[in-house]
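First comes the structure, then the notes that go with it.
Chain IDs A, B, C and D follow the sequence of writing; residue 1 opens each chain.
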Amino acid sequence: MTGANILPEERLRRRIHIHDPTMRNALSELFGTALLVLNTWIQINLGWGLAIAFCVYSCSKTSGGHFNPAVSLAMLTLGKLSTKDCAIYCVVQTVGAFIGAMGSFGIYYDQLVNFAGNDRTIEGPHATAGSFCSFPAPHLSNLTCFFDQIAGTGLLVFFVCVVIDKRNGIPNAAHPLLFGLVVMMIGTCMGMNLGYPINPARDLGPRIFTLFIYGSEVFTYHNCYFWIPIFAPVVGAVLAAWTYHLFIGAHIPDDNKVHILDDPKVPLNKI
Amino acid sequence: MTGANILPEERLRRRIHIHDPTMRNALSELFGTALLVLNTWIQINLGWGLAIAFCVYSCSKTSGGHFNPAVSLAMLTLGKLSTKDCAIYCVVQTVGAFIGAMGSFGIYYDQLVNFAGNDRTIEGPHATAGSFCSFPAPHLSNLTCFFDQIAGTGLLVFFVCVVIDKRNGIPNAAHPLLFGLVVMMIGTCMGMNLGYPINPARDLGPRIFTLFIYGSEVFTYHNCYFWIPIFAPVVGAVLAAWTYHLFIGAHIPDDNKVHILDDPKVPLNKI
Amino acid sequence: MTGANILPEERLRRRIHIHDPTMRNALSELFGTALLVLNTWIQINLGWGLAIAFCVYSCSKTSGGHFNPAVSLAMLTLGKLSTKDCAIYCVVQTVGAFIGAMGSFGIYYDQLVNFAGNDRTIEGPHATAGSFCSFPAPHLSNLTCFFDQIAGTGLLVFFVCVVIDKRNGIPNAAHPLLFGLVVMMIGTCMGMNLGYPINPARDLGPRIFTLFIYGSEVFTYHNCYFWIPIFAPVVGAVLAAWTYHLFIGAHIPDDNKVHILDDPKVPLNKI
Amino acid sequence: MTGANILPEERLRRRIHIHDPTMRNALSELFGTALLVLNTWIQINLGWGLAIAFCVYSCSKTSGGHFNPAVSLAMLTLGKLSTKDCAIYCVVQTVGAFIGAMGSFGIYYDQLVNFAGNDRTIEGPHATAGSFCSFPAPHLSNLTCFFDQIAGTGLLVFFVCVVIDKRNGIPNAAHPLLFGLVVMMIGTCMGMNLGYPINPARDLGPRIFTLFIYGSEVFTYHNCYFWIPIFAPVVGAVLAAWTYHLFIGAHIPDDNKVHILDDPKVPLNKI
């Protein structure tokens, strides 16, 4: 490929390529998280799962596509992310989620007015705040919410660790799709309690945005519930990552003989 | 493989193979878009996404399977399609969508009469025009529709660029399926406003067909809404294509070491 | 692998392996079609598509898993099946579908009695015959049914030809899954008229079984509708197979340069 | 990779790696089955299928991820599992399912109280026992249940044998996902009778747990139905495994020429 025959996108790349990995990864996390939240005003399992998958595809070769401080913190404990990068990721993820919520608000403003008129409420027949971030039903205790978030985020991170463990032999190109399917699974199996925020940035970023629309009740509601989807996912994520390695990952045998015998490319009469 | 033992399909190919790439690709776009629209009288997310996937599979080695002038125009700006080819694609895509709408009308004529009798209306309890192309609900402003179409088509083209960027390492055979999943995702996440036309040909072609059935109101309805799903998708597509390269694509590092380390085929004791 | 250490399934194989390809393929088609029909008493799109996929996986290395006389006849015209094999396939597919219907009847007999008591009717509130084979609604003309079956089976065979055309580069291991997704797509997009039988064996086999339960009305109903899902699918299948090769397949260029450039395994700095 | 630069998860692995294969596999089966049941308080087909897929992914390189005594017993008859390992698997799978049921109970306790108050019943408007294990509707005879379980588990094991048969050439990394899709298919196609337990451990483990909540009626209900989802799945599994090999597997031809001709990697002008 000579310079004369170069594609416009290549020309752009040579001009603007960011050489600092932290910078370019932070940009990816910011952009990806905004896209993700923009993409999911309506939390439908199938769509949300696919949104995760494609947002991760888009950032898979830069930041890796965490979009979730709980995942980033788990990766920090696994030694796959530096402390500095982890801190930056957490901030830009939250900012990205804020921007995404703002974008969704703009696109669906007419629908919101049509549905709720001038009402901007968290509860009641015209409640709309739940489209931005999670608000538990009154009959759920905050303790249940805490364990629900631990379990939900734990499942997510557990299976993320399964997928990225090279010993499990799952091709890289399939990882983002499998992450999306994991989220779909958690949504279908465990979404009953809270609609599975399982992501501190995805819950806090839009919640800060709703502060300007619904007032401070978004933080005080349900005995200051807001901190639960911030801290519980982190606890669940770190526990789950190490649970995987403690109970399964560390015990995967190293014999590659298995792989060769199972390889469908090996002619059968050679076995 | 000797000539004596040749398959009938191979014999056909040698006789009729079109050697002009523009011609054969235009034929593919015409055929594929017709098939796509024929295939989707009823816009159901899952089915529509799969229809996209398989129509793209069928044209993946000829035209590539755009079926969408907004996609073709974005590819033009990325230098992946000549101006002449782009113009031809846009025309045959619209003609193809017109033919597909005609075919659907024929197949479902009995159902239509059964449902609506002699009524051919855009609004009201016997409305059927919405099966052909998009008609916004009265409470949506045309400005909202414009941004909705920019966002919807933008998401489509953004993820198309992610998938086809060779640096993201997604196998070619998976591309059409992923395109279908992207459309499914947009349908589930963003279809609330307009039922996501996000394709000028898919909206205009059938709309021209409905002119003969429902009269000129299909163009004048909702303050001449019809031009929005023609222009807004193009704006969204071009913006999104360059947004991807500007914010993410251009910053993907070039180190192939990553790939080798991650390759599950490499024996683990060699790392 | 020495003889001493041989798996039980290998020992069985050496004892019973059928060396006549026609025989073993006929066995596969019989078994697979029975399994398919047994598997789909309730025609739900997702489940039916997956049932197709897995039944084809099970026979992919013997007969190929047609399970459908229309597909077999299309393959005959494409020179991929001998006349004798095609005739045998059609017979065993119909017998297999008969056996599958019988099995479903047994498994769901309690449910049927619970729902319909002693009524065994094609129409009305206690109608159950539609679980076995297709019965069009009264408002559909037989002409519409005919074209509906041509379109439905045509789409099926068209995309089957896309998938199996080696020039499209779709890995063999993905074929059965893609066939299943095609059927799912046809079900979601086109099932409105008839519930998409699109398979002469799948409709006729169970219909013969219902003859013993519901009487001869299963054949005389709706102006002898029964012959439409037998002949129309064959017409649609043959038309579609050649349509694919005429409009698209024959025009796929032969340059392998494309493949090498697109191969994600090629290091990027080598392009 | 030098020792200095080692990841925390690697350091853990070197310290705790279990060298006895039986031990580490039993741990995987225990952990995986618990996770599976925890994951599926609400039995929704899509979610349940994905839960199977990801739980199998997590144990695919240790025990293989049976999570089902019927599958383990079928593998025993196929010579792929020793009698000792099979016995251990069956016990830990049941214990794992018990633990999973306990976890689900904890996470969803508030919802349960909200729905049913102090009622803990198997039948009636406040029935909740069916969330733990299967309880047939009164109109189903135990004989029907028995054959339903044979058919359901038979289909599962039949397709598991299809997928793992190396002669069918399905890549290993796709196996767990295909197992999940099989379960989804069985759920959509055959779940009408019993909600498809098709797994002795998944039914018995939670049933023992419900003994402490609902009393002994969970075992005496419906003429001591409880033993049917224990024995029928085993019968179905063994029958199905050998049915596959008898009717299809044993007859797959050995010619690798087919594979080479079909390999999409072979340049087309070489054929």
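Heads up, the rule we're going with is that a contact is a pair of C-beta atoms (placed from the backbone, for glycine too) under 8 Å apart; a residue touches a chain by one contact, two chains touch by 3 or more.
Just so it is clear, the structure is predicted and the values come from calculations on it, not from any experiment.
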Shared interface numbering between subunit D and subunit A [over half = same, under half = different]: different
Chain whose average C-alpha position is farthest from subunit C's own: A
If you average the CA atoms of subunit B and of subunit D, how many Å lie between those two points? 39
Separation of subunit A from subunit B, taking each centre as the mean of its C-alpha atoms, in whole Å: 28
For subunit D, residue numbers touching 2 or more other chains are 167, 169-171, 173, 264
Could you list, by residue number, the parts of subunit A that touch subunit D in their complex? 45, 77-80, 139-141, 144, 147-148, 151, 155, 158-159, 162-163, 167-171, 174, 178, 181-182, 184-185, 187-190, 192-193, 242, 244-253, 258, 262-264, 267-269
Which bits of subunit A are touching subunit B when the two form their complex? 7-9, 12-13, 16-18, 21, 24, 27-28, 31, 35, 38-42, 44, 46-48, 50-51, 53-54, 57-62, 103, 106-111, 114, 166-167, 169-173, 177, 254, 256
